[in-house]
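This is the structure, below, for whatever I ask next.
Just so it is clear, A, B, C and D label the chains in written order, and each chain counts residues from 1 on its own.
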Amino acid sequence: MNGFEAPTIEYGQLAPLLLVFGAACIGVLVEAFAPRYLRKSIQVPLSLLSLIGAFALVIVQVARGGVPTTASAMGAVAVDGPSLFIWGVILVLSLGAVLMVNDDGHFVASAAAVPGSADEEEAETSGGAHTEVYPLVLFAVGGMLLFAASHDLLVMFVALEVMSLPLYLLCGLARRRRLLSQEASLKYFLLGAFSSAFFLYGMAMIYGYAGTVSLPGISQAMSTGSLMDPLLLLGFSLLGVGLLFKIGAAPFHAWKPDVYQGAPTPITALMASGTLVAAMGAVLRVFWVALGNLDWDWRPVMWVVAALTMIVGAILAITQTDIKRMLAYSSIAHAGFLLIGVMATFEAAEKNAASLSAILFYLLVYGFTTVGAFAVVTMVRDPGGEAGHLSRWAGLGKRSPLLAGVFAFFLLAFAGIPLTSGFFGKYAVFAAAVSSGTQTGDSMGAWMTGLVVVGVIASAIAAFFYVRVIVLMFFSEPAADGPTVVAPSMGTAVVIGVALLVTVGVGLFPQPALDIANQAASGLFIR
Amino acid sequence: MTTQYLILSGLIFAIGALGVLIRRNAIVVFMCVELMLNACNLAFVTFARQNGNLEGQIIAFFVMVVAAAEVVVGLAIIVTIFRTRRSASVDDANLLKY
Amino acid sequence: MSPWLPILMAVPVLGAVVVALLPKGSDKLAKQVTLLVSLVVMVLTLVMAVQFSPRGDRFQFVAEYNWIPSFGVKFGVGVDGVALVLIALSVVLVPIVVLASWNDADGVKTADGTVIAPKRSVKTYFSLLLVLETMMIGVFAATDIFLFYIFFEAMLIPMYFMIGSYGGAQRSYAAVKFLLYSLFGGLLMLVAVIGLYFAAGKGTFMFPELVGAIQDPATQKWLFAGFFIAFAIKAPLVPVHTWLPDAAAQAPAGAAVLLVGVLDKVGTFGMLRFCLELFPEAAKAFTMPIVVLAVISIIYGAIVAIGQTDMKRLIAYTSISHFGFIVMGVFAMSQVAQSGAALYMVNHGFATGALFLVAGFLISRRGSPYIADYGGVQKVAPVLAGFFLVAGLAGLSLPGLSSFVSEFMVMVGTYSSQAFGSGGLAVAAIVSAVAVILAAVYILWMVQRALNGPTAESVKGFKDLNVREVVVLAPLVALIIGFGFFPKPLLDVITPSVQHTLTNVDVKNPAIAEKGAGE
Amino acid sequence: MDPVKITDYVGTGVIGVSWLMIALPLLGAAILLVLGRITNKWGHLLGVAMSLASFVVAVLGFVELLGLSEDARRQAVHLYEFIPGMVDMGLLIDPLSLSFALLITGVGSLIHIYSIGYMSHDPDRRRFFAYLNLFVAAMLLLVLSDNYVGLFIGWEGVGLASYLLIGFWQFKPSAAVAAKKAFIVNRVGDFGLLVGMFIIWTSFGTLAFGDLQGKVGEASSGTLTAIGLLLLLGACGKSAQLPLQSWLLDAMEGPTPVSALIHAATMVTAGVYLVVRSGAFFEASSTASLVVTIVGVATLLAGAIIGCAKDDIKKGLAGSTMSQIGYMMLGAGLGPAGYAFAIAHLIAHGFFKADMFLGAGSVMHAMNDEVDMRKYGGLRKLMPITFATFMVGYLAIIGFPFLSGFYTKDGIMETAMEHGQWMGWLAVLGAGITGFYMSRMIFMTFFGEKRWDKDAHPHESPSVMTVPLILLSLGSIGLGYYLISDNRFMKFLAPAVGLPERLPEFHLFSTTTVGLSSLALVALGAGFAWYKYGKSEVPVLAPRGSFLTVFARRDLYGDALNESLFMRPGQWLTRIAVFFDNRGVDGLVNGLAAAIGGTSGRMRRLQTGFARTYALSILFGAALLAGALLLVGNI
């Protein structure tokens, strides 16, 4: 620590990140200085272009420079294969979310106005809208990108907060059912902050153990130090709480149904896809890079968590009556399936590429299907807003066969029926787990297969509630005053179309997507 | 002689966590979360001292900044809720359940 | 590379797309197109079947395409004798079913105007049917186990919609039960498929390459269990059979035919090809419990069938009994029994198909599936009654009708099996022969209650079968009688393929060897 | 002498196309059934023509066979490969099968002709003839097939025809039930035959009679006994022998020509054919052949006793049929010495019983389908031809000297006596009872006062019915003498079934103990019948009768036994099984689903909506995680 050394920043590698954050900042400035009537027409193109631009930059990065092999920004950010893949996925998914945000009617006219008050009515009639939503979304997306690519725990913590804080706010901005929305916001905020504190305390413990918070540094320290140090174990478990909270693993899942249900649907879509993808990226980094040496300690615990998550998600979803809440539990179950993949590690690290590829592929297909499903949810409306209650969906197949058919297809993909993308996602993860279980001399072998069996049983239970919705839509008579299906806006139509295309396309020809995932995973994480 | 500081930090963290669990007022709950963050800060600084590097202290600053941002967002949410419900009790917000 | 099978699989699905895209209100055209497509497929299949040489390679009309190299999955198709006859069964049944369900989606009303089933989308029904046909061909043709699994699971979906959207009053319960049951079995099989892939370590799912790849007995047993449970649910075997009566009773008659006639055969087909050949040691180790289970199915299914009051449920239970025979034949580990089992799969498709259809025709005249609601039908509708009787007699395996040959072969083959030393399975064969008596009871009692006796008031206005219905049933009856006296064409194709299976399982049958040497 | 070796037919004669015998009536049935109503006008003629054509083929084949040397009289006609590697379809033309073929087509044709008249008022006459043709085809397949599988197909084919014909008037519930009962009881027998075939295939690797020749000795005696007993079970079913006799009496629900053809002359004798055809197994197992004779004796007595108490003329005849088949079965159980007598009695019985059944039909035809003999009486004057022919049949069956039954039955009784005194005497006793119940029938029907209903106007039947009667009664008179004298039939059959070591002597009128005592007993029985039913008045309503009468009237409680032993427990079992399936198996599945649903319902209550509860769960999870890691880490 002698003298001041100017940090080197690889701007080229970080360009997508910087573009998103930059656009977010400009968005804030627009809110401050642009006249109200102009804001939307500036914000929307700004957001879309920045996301598209960032995606283009990711492509350019891959196409031109290849994948960096060392961490960027003085070891703070790792722009490696998985990062770039996750970035690409997050950017496309959030683009979809922004397209849905762009739809009228999701967000409150004036968040400050008390629900049911004259203020609210006035704000609504004057056609006011919170265009802050766009920069907030961009900040959240930026946080996600950084979260998945962070190479030390501090950056990870900051990214976590940058991602979460805008989301806390966004959750509270629903136009209809504002009480629920605000409640979701409050709960998400309190619990999120609570879990961040755990994350932070765990980080402190690990810092105490390793003397550093950089992931490779921790790994290094573990290879020389004691693996039984309570500081390490305690720190790791508290860190795990924060991460598992974000992906919604049991028993840290309780926020998910409430928040998903209360939040405006485009935001739910963003959380269910983008946040999950980013958080999985972070989970992988922490568990595989930093704590790789602790394999045999965390795997039994993770086994229980994964099994519990799948079962809880699947079982609780059965009796849900709200479509978004049901999808929230479904998302919990899927987080459990992903955790199976997280556990599929090998003694020889280079073999992990297959497991990593499986997880990345799963994230890709699940993300697209999720965004598509939520986009469909936005289209089915009652006079009071979206028709959330499942009973309202009865007979939709007769009223609007195309939409119901598309939604049914998404549900089948969630259930993992062959010839949908979801099947291959699930297959990839299960295969990775079984494959890691068959490695010789691994005492966890049978356990891994056992976990896959648990996953399979959970899938079967989960299939029940997906099928239940299909039954409702197709086999029940429509209610007399059933919900209306609004004509989709251009944006929503594109989102649904693309999601369907990916779900079908990958379901029939998964190889191209697998190739990309394999390539992204081939170099594993930068250590 | 850093152990005492760690114990203190642990105590503060525990008090904060306990506060989150037993207090109803959203503001108080929120303050308890802040307390937990500060417990972390104390731990960081202590470990920085113990490890003999500055990273921990730097982290503490970061945490403070993040906590400040969190306060902004948190208070905004709590105030909005309060305006709507005329209550700051966390337990009153339980429409979303089961 | 032979283009036959890909073409066979492509034609129906393209037809389905065409049917689905037809403009609104062209219901009749949709039906005609579907019928045409299914007939084309049938003709193509028969032309292909003629070129099959029983003494040639095991798998013929082979086509391979590297589908998902990352998973080691190929789009690999090819047929051996058993697969060929089952494909032939499927493609023959489909046009018959199309014609049989001509008016099923149009809504059913009784003479007095009671709506039994409301009008449904005709195009959807027939395009689902064609999609299902593709999958049925695919599942039997797949030589890649992963591809087999894909079709195995995917074919649930069109059938699920056919039952759930077009079925009877309890249709959604039945459809969901059907789907979940099958899905559960399928998922267990998925684990086994994955396990097989890694345990074999060959980097491929191609069946011919995986034969003999698993040597470890314990691994074999686990994987066998995964496959077997899925197939047992599909077949279905007692005690995992209860979905079938519900599904078959609620499905429209045409769908029930395909469900029981073809879809369920995938289970027994899978046992014969995959359970036995991939895991021979496990199969031998589990032979006794499985045969016991099969015998229980035979007797139990028959007894419960006797007690049914609903015609379609009754037929479903008879099928459970018959599937017991097939499973017993498969696991008797003798060539006669296995040939008989494979033949049974085909014959049962025709026999039960005919029975379901004619029962469906009867039910469509009255709207009630309950036997007690009929009586004396023979007097007012003798042709219908005649077909009903013939189909019923095929169901009780009357000698001279096709199902007898297969049932006889299964029982003789089981009796003479050397699997547990001489006569080891004799008791199973003897007990199963009791079903011969029970079958007479369930069929004839139904016939007596529904067709005989004084004509019930509600039956008096019945019209006899119309031309369409006769055209539906006549080919089936012709096949039933034809193969009853001349099963050789089927057996000639089946037997070499079964011999491959037995060679792979490493079982020799002295009785056959002796007989074969003598000729 | 052992049976002659079966050789493949290489000639170009009628035997080569003997399959026409089966194909022609089958074609007739097919045409009548497929074309349906179109053939209503001429369907019965086609049926008769096909039957007659079949008869002609049989006769031509018979002539050709007689032209062959004795050791070439067993010709196998290969038809086609049936089940590859297992059994080929083929016909066996030998004296035994041709005897049956002639009986079936001959008597069958007569009954076809008779039916034209008998069924002339039935709207479904065409269908009736279709079924009759079908029956003839199946029966011919049964007797002509050169292997057990073909035999079995014919076996079940005749069962089907019998089912269809018993239930021909299916709109009567009693007919429908009787048809079903016949089929099911027969299936019990078929079970035996099936399992017997399993064992034969497993032990010998073939099911063809030709291939089995000379191989039988290879199997253990236990196996042979098992085969024998199982085949006997099959025979009992088809031939209404104890314990599977119960269906035959109910089968009288069918039209009378059916009773004559199927349930008297031909089908019910298939069991005897099976036993004789499988003689090698029975000869090799003394246990099996002993059981055959026991069954035969028991049935001949049981049938006779039942016949004594029946007021329904057809049921009386049915009881008699049972009894007479009992004699045949007894003969068949006696080995080569008995075969010829059994088959001869079978043929003779085919004539006289068909004669009497058709006679009974003629009476019913005249009496508005009344079957109760107590409502007959004094018909001999009104129906002279029927009376005369019936009398011939009657005399033949009771064994009146020089008529058919006299020689054939006597042969069986004599042979039985040689084998065992007990069976001989019981058979003689049976003959006495026969004398009683047949005489009773004659007296009640044709003699005494008329006891008709008011609206009955008895008249003689048309000649299309009486001519077959006359022809049949001619057979009843002379056939027995022709077959038995000089052991003609025994020698004729020898290539097929072998000859006993010592040929029996033929007497025009035997004066052995058996012959005389049976005659005496028959006379006693007939006298007693005259005393009860000829001399005294017959009450129109049946008296309650003694315990013995009730016992016989209730068919020796056979139905009651079946009901309490099989039907009722079966019904219970079915109900329990259905209940178990719905509640037990399916209940378990639904219960599992409900349990998962219930768990879900309870677990979602944990999601209380209170943020602080969630926080607690996080803390709890954190504690668990930390605790578990510390624990695992320190192991």
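Simple rule for what comes next: contacts are C-beta pairs under 8 Å (C-beta built on N, C-alpha and C of every residue); 3 or more make two chains touch, one makes a residue touch a chain.
Protein identities per chain, from UniProt: A = NADH-quinone oxidoreductase subunit N; B = NADH-quinone oxidoreductase subunit K; C = NADH-quinone oxidoreductase subunit M.
This is a predicted model, so every value here is computed, not measured.
*Asks:* Where the centre of all protein Cα atoms falls, which chain's Cα centre is nearest to that point?
*Replies:* C
*Asks:* Name the chain pair with more contacting C-beta pairs, choosing from A-B and A-D.
*Replies:* A-B
*Asks:* If every chain is reduced to the average of its C-alpha atoms, which one ends up farthest from chain D?
*Replies:* Result for max centroid distance from chain D is chain B.
*Asks:* Round to the nearest whole Å and give the separation of the Cα centres of chain A and chain B.
*Replies:* Chain centres of chain A and chain B, defined by C-alpha means, are spaced 25 Å apart.
*Asks:* So the centre of each chain is just the mean of its C-alpha atoms; given that, what is the distance between chain A and chain D in Å?
*Replies:* Their C-alpha centroids are separated by 78 Å.
*Asks:* Between chain A and chain C, tell me the centre distance in angstrom, where each centre is the average of that chain's C-alpha atoms.
*Replies:* 44
*Asks:* Between chain B and chain C, what is the separation of their C-alpha centroids in Å?
*Replies:* Whole-Å distance between the two chain centres: 65.
*Asks:* Using the touch definition from the top, which residues of chain D touch two or more other chains?
*Replies:* In chain D, the residues touching two or more other chains are 604, 607, 609, 611, 615.
*Asks:* Check each residue of chain C and list the ones that touch at least two other chains.
*Replies:* Chain C, residues with two or more chain partners: not present.
*Asks:* Among all residues of chain A, which ones touch two or more of the remaining chains?
*Replies:* Residues 186-187, 190, 194, 257-258, 464.
*Asks:* Let me make sure I understand the interfaces: which chain pairs count as touching?
*Replies:* A-B, A-C, A-D, B-D, C-D
*Asks:* Spell out the part of chain B that touches chain A in their complex, as residue ranges.
*Replies:* Residue list for chain B touching chain A: 6, 9, 13, 16-17, 20, 26, 29-30, 33, 36-37, 39-40, 43-44, 46-48, 50-51, 53-56, 59, 62-63, 66, 69-70, 73-74, 76-78, 80-81, 83-85, 90, 93-97.
*Asks:* Inside the complex, what are the residues of chain D that reach chain C?
*Replies:* Chain D reaches chain C through residues 33, 36, 80-86, 89, 149, 152-153, 155-157, 160, 163, 167, 170-173, 175-177, 179-180, 183-184, 187-188, 190-191, 194-195, 197-199, 201-202, 205-206, 570, 573-575, 577-578, 581, 585-586, 589.
*Asks:* Applying the document's contact rule, which stretches of chain C touch chain D when the two form their complex?
*Replies:* Residues 177, 181, 238-239, 241-243, 300, 303-304, 306-308, 335-336, 376, 378-379, 383, 386, 393, 398-400, 404-405, 408-409, 411-412, 415-416, 422-423, 426, 429-430, 433-434, 436-437, 439-441, 444-445, 447-448, 451-455, 485-488, 491-492, 495, 511-512, 514-516, 519.
*Asks:* Note which residues of chain A are touching chain D in the complex, please.
*Replies:* Counting only chain A, the residues touching chain D are 186-187, 190-191, 194-195, 198, 227-228, 230, 233-234, 236-238, 240-241, 244-245, 250-252, 254-255, 257-258, 297-298, 300-301, 304-305, 312, 315-320, 461, 464.
*Asks:* So in the complex, the part of chain A that touches chain B is made up of which residues?
*Replies:* Contact set of chain A toward chain B: 1, 111-112, 114-115, 154, 157-158, 161, 165, 168-169, 172, 178-180, 182-187, 189-190, 193-194, 196-197, 200-201, 203-205, 207-208, 211-213, 257-258, 261-262.
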